[in-house]
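Following: one structure in structure tokens, then a few remarks.
By letter and in written order, the chains are A, B, C and D; residue numbering begins at 1 in each of them.
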Amino acid sequence: MNALVSEKELEPAGSSEPVAREELLRVDNVSLSFGGVKAITDISFDILKGEIRAIIGPNGAGKTSMLNVINGFYHPQHGTITWQGKVRRKMKPYEAASQGIARTFQNVALFKGMTTLDNIMSGRSLKMNKNFFWQLMWRGPAEREEIEHRKKVEDIIDFLEIQAIRKTPVGRLPYGLQKRVELGRALAMEPDLLLLDEPMAGMNLEEKEDMSRFILDVNQEFGTTIALIEHDMGVVMDLSDRVVVLDYGKKIADGAPEEVQANQNVIDAYLGVSH
Amino acid sequence: MLYDIFIDPFVQMYEMPDFFLQVLWEGFVAGILYALIALGFVLIFKASGVFNFAQGIMVVFAGLTLVGLHENGVPAYVALLLTIGVMGVLAYGVERVVMRPLVNQPDIILLMATIGLTYFLIGFGEFVFGGEPKQMITEELGLPTGSTAFEFGERGLVILQHIDIAAAVIAVIMVASLGIFFNKTRIGRALRAVADDHQAALSVGISLNQIWAIVWFAAGLVALATGIMWGARSDVSFALEIVAFKALPVLILGGFTSIPGAIVGGLIIGFGEKIGELYWGGLVGGGIESWLAYIIALIFLLFRPQGLFGERIIERI
Amino acid sequence: MKTIMQLALGTAVALGVGLSGAMTTVAQAEDSNYVPLLTYRTGPFAASGIHIANGMHDYLKMLNERDGGIGGVKLELEECETGYNAQKGVECYEATKGKGALVYNPYSTGITLQLIPKAGVDKIPVLSMGYGLSAAADGSVFPWVFNVPDTYWDGASVVIKYIGEQEGGLENLKGKKIGYIFLDAGYGREPIPLLEQLAEKYGFELLQYPVGVKEMQNQSSQWLNVRRDRPDYMVMWGWGAMNPTAIKEAVKIRFPMNKFIGVWWSAGDDDAAAGGDGAKGYKAMNFSGVGSDFPALDDIKKHVVDAGLSSTDAGTIGGTLYNRGVLNSVIIAEGIRTAQELTGKKVITGEDMRMGLEALNLDEARLEELGLKGFAHPMKVTCEDHAGSHPVFIQEWDGKTWRQASGWIEPMTDLVRPMLEKAAAEYAEKNAPWPARTEPCPN
Amino acid sequence: MFYREAGQFKTSYKADQALMPILQDRIGLSVILVVAFVIIPAFANDFFLTSIMIPFLVFSLAAIGLNILTGYCGQLSLGTGAFMGVGAYAAYKLTTMFPDANVILMVLLSGVFSAAIGAIFGLPSLRIKGLYLAVTTLAAQFFLEWCFIRIGWLYNYNASGAIEVPHREVFGIVASGAEATPIVRYFIVLCITAGIAFLMANVLRGRIGRAWMMIRDMDIAAELMGIRPLQTKLMAFAVSSYICGVAGAMMVFFWLNAAEPSSYSISLSFQILFMVILGGLGSLSGAFMGAAFIWILPVFLKFIPGTLGIEIAAETVEHVTFMIVGALIIFFLIVEPHGFARLWQIAKQKLRVWPFPY
């Protein structure tokens, strides 16, 4: 397991005392619309290094759109995103990935034609760099690189307890396992910020418990900052350090789980007070 | 050089307006025929999501069957009815043998299956009726054959072929009746439901198999009409298949699912390639018609990937 | 799943058996001469190919039925379908050459080009009658290739000569416009250098209208251009589906048909008939007999077609392309006969056949003996000249059938021959090291 | 029973990542190589070499090329024929410009030109996807075909408009031209095809192959994981076109001897596409199986009736061949849309558990 943990990540890990955490990402006044439809209106919040930040809200609140904005898939019409202290310019999704943002998807977006192993190996793409001609030869640098990364991937496979399905094409796996492979793939990127879009949707209680454990382990052992969208309030309240609540593309609350739970706006949103 | 590209063609258009009109007319007729082939594609794609590569060959096959039957002594109108019957059998057969077992396969597999169908129909058509090109039985079917010339000015002359006018009229009738069929009849409504969502249509009790057989039959009828018209312009043989490829850029322009798109796309390609060939083609030695349509479609796609009538695609994950 | 496995196994076994069958060369019958016929009855050029194939097949078959072959030895005929496709052409060549093939008639410029270098290596001559590589007429460079009776350059010069006659002399061509519509492939492009040279010499303007193979049936642009340019004459080098479409389009734009002249491959009966009444007056060059009024053709009808030994429709006997096929077979047959006379052997080889073709002398007396008086102009091949620049006539479509419209017109050999020699030298240079001729001259 | 990996333990990642981790596969491949390099040359006649083996290998290579693009990177292309043509014309220009150079080297070099052209026509793939992209590759097909006809420089202004393969020797052995023996051509084609297939197998199991498959399976997710879509797709276009170009050059240099523009027409594109689909998208061995099926079946149908003494008119055979090929394509798509490669896997699975299926 240690092989996976780089020095940088060790730093905040396991430190139990509440230090003033550094800001990893800040969203300022972001608005996004498709044609005339406003998906996000003037939202601002921040994500601190090492925390688990939950984004919640009713269906259609703009949560997934928010994640899409964060990893560069959508470009907001207004507002700025500050990543590790620098204002981010308009960028392509692969640039966000190379800066250390990884994610999982609401509807599993695995590479269906590939095996579990290959899917997780695909997470190492950015870290591998042997060029085409070494790849042609295989013997030598390309093979060494492949083995080196294979070791790291095997660590993740052990961590997620999916050894038995290593060589199975992911298309044939049950939903819960697919979600787990997807998490593994995101972890393989060794991200600074991990975006999880409904990691527990459609799971039974047991699977949810497993998944929650993995998320906590990732956060605590590797020190990875996590932003997650989840509908299960129990999970959100237990896992997250801070929660931001969206409704109709607007931010209606932000704070510690208990505060948010008590917020009248949030209660109205979930109970459906007419607007 | 710049003069040849940017000014001279327009000077020519101005100086020989009769010729320009003739070019437009030729472009219009070619466009109508492309549009008719594209229409067959659209019908099938809308209802089943199958990109029916065999549409071009169905055009030839229908024409060949018609002429072949006539050659074997069947009166023209009886042959026409029999051909309609053959297209019906073909539609049923395709639905039964190709579509049904391949339901829910990826696009490319369905595309390949229709290419397989293309090969089969070429072999079958030539096996039954022989490989030599045949003359379309234009007169026997009561279609006009002459031409009308409008002369004006000293050398002004525009010639309209009656068969081309007939082609335009028939195309309009076909599109109109398809429109009525889609909007006013029960089967038409079912068809639109299927186009929107297979599963939902199934769940309200629409038989997919029946619908597919019907659209393939409708596409077969469109193919027959196209085959007659195009056959009358040149002849009926499988060499015509290559012309049918032109329907593909038309589809790109119009979108795979839009009937008006097929018509407008067909006309754009028809006008575009005739004007391009006649006023600009000479600059590079002519013959640019063989690829101009595809390049137009390609450039167009770069700016509007969703086609002329398609809605803007918002990618979701 | 089980059935699939069985099926797969069955297919594999069948394939294995079949391939081993294909691999074992069929032993050449000791008492026959083997003539493979590379034909195409399918594909985009089937329209023209079918009639040629019928004519070639029927005449040779007739010799078998009527005379028991040539020189008492039967001919073994085998048709191999090429579909005008170069891949399949090579396949046919490889499949048949081992069986003792005497001569190849590829009927496709592409396949001819592939076979030209192989001919000398495999020692099997190529007879490309009125098509193929014009330069191959130079027998000193291409001993193994024959393109009697004419090259395309001969044809192009005849057309211009004929147009000159119509205008009252070649000098009157000055300032005239002659349009050239052609199949945009090697075939159609070949005459252009000569036409350009003639244009310069006689002062007419040459306008070119290429028709892509894909656009054969969609020529409205080319003919609109013709309408705009208003040429005085149109010359066509078309094949297959291009011909009927071109004639229809010419009718459509009301081009005067008597000023529209096709090459001998645009002279099919179906081609002209496609134009309906409007096609009346369309002209084409030809070098093989018009009509079915020849004793040899009667024999074909009697011994082959009526006997059900051929797929020919009796009504097509005597058509231009059918007769062309017959003429091709006459040359093959006479080549074999000459070879038998020269070598004294009954069963000959490809090398003998080459000698026979090179010594071919089809004079009027011989044509009459064959029952083909007036079917072709007498032709004599020499070691230097494998084409012969034989005269060509013009035929005219009267709305129902072709009739001869001119006497035999001599090509401008003085102009064509130097060009041929130059082209042959260029070919040899480009394909260096091109083997120098070592074959003895039989004449 | 016969195909069982039990007892074959892999003790390193290196062994696990080998091309053929299972012993039986390695034995199978060795047998195939021995047949290809020793038995066929020793026993086959000219017809078998020139009309079956050489075209089969050329088409296999082209199918590998297209498979990289369509099967591995998910970009459907109908322009294969034209890219093969670019290779052929480039090889022709190179050998006529440098008559003394090694012709095999020139054939391999010619692929670089088709790779460049392929990459240019791959540019729209960034914005255009799926069937729409397939139609735009038709633009490449028809435009390049037009160039082969119209640009005289490409065929050295030959009056015939075709390219004719010149006589060239490599180390004193005639390698191309009419005098080259079938056996020499066969060995050249075999070595090039086997070599490229091996190199591609390497690329496909590594980082780049994975990137292509990521784009194929879900391009958006791939992009979010740091794959640059344009570079990756262009690379697939370039590599694929390189291979197709080499195949096209081999087609004219070691098989046909001369080629007209129509040799590289749209029908060639379809022929190759059939091979890829029937063989199995995303499978190298499938490319060989597909090529064998599509090429050998018609040859078989054409010459078998004759050798069995059945008289069938040539055109009937041709028509029936079309029907059978078309019907078989549909049949195999229905039976197994993933092609022969998947059928072969299923067969191996059966062999593994035979004779006790449970």
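As a working rule, a residue touches a chain if its C-beta (ideal position, glycine included) is under 8 Å from a C-beta of that chain, and two chains touch if they have at least 3 such contacts.
Fair warning: this is a prediction, and the values are worked out from it, not measured in the lab.
Among the remaining chains, the Cα-based centre furthest from that of subunit D is the centre of A. Comparing chain pairs A-D and B-D, the larger number of C-beta contacts belongs to B-D.
Put simply, the C-alpha centre of subunit A and that of subunit C have 73 angstrom between them. Put simply, the C-alpha centre of subunit A and that of subunit D have 41 angstrom between them.
Our note on geometry: subunit B versus subunit D, Cα centroid distance of 33 Å, whole angstroms.
Separating the centre of subunit B from that of subunit C, both taken as means of CA atoms, is a distance of 36 Å.
Taken residue by residue, subunit A touches two or more other chains at 73, 105, 109, whereas all remaining positions touch fewer. Residue positions 126, 131, 242, 245, 285, 287, 290, 315, 317 of subunit B each touch two or more of the other chains.
For subunit C, residues touching at least two other chains, in rising order: 41-42, 46, 50, 184, 212, 214.
Interface residues of subunit C facing subunit D in the complex, by the touch rule stated above, are 1, 4-5, 8, 15, 18-19, 21-26, 39, 41-42, 46, 50, 78-81, 83, 86-87, 90-91, 94-95, 98, 109-110, 113-114, 116-118, 120-121, 133-135, 184-186, 189-190, 193, 212-214, 311, 423, 427, 430-434.
Residues 70, 76, 124, 127-132, 134-136, 138-139, 142-143, 145-146, 149-150, 220-221, 224, 266, 270, 273-274, 277, 281, 315-316, 318-330, 333-334, 337 of subunit D touch subunit B in their complex.
For subunit D in complex with subunit C, the touching residues are 44-48, 50-52, 55, 96, 99, 142, 146, 149, 156, 158-162, 164-167, 177-179, 255-263, 265, 296, 299-300, 302-304, 306-308, 313-315, 317-319, 335, 343, 346-347, 350. On subunit B, the positions that touch subunit C within their shared complex are 16, 19, 22-23, 26, 29-30, 126, 130-133, 135, 145, 147, 149, 159, 161, 230, 233-235, 237-240, 242-243, 245, 273-274, 277-278, 281-282, 285-287, 289-290.
Listing the residues of subunit A that touch subunit D in their complex gives 71, 73, 92-94, 96-98, 102-103, 105, 109-114, 118, 121-123, 125-126, 128, 130, 132, 135-138, 142-143, 145-147, 150-151, 154, 185, 189.
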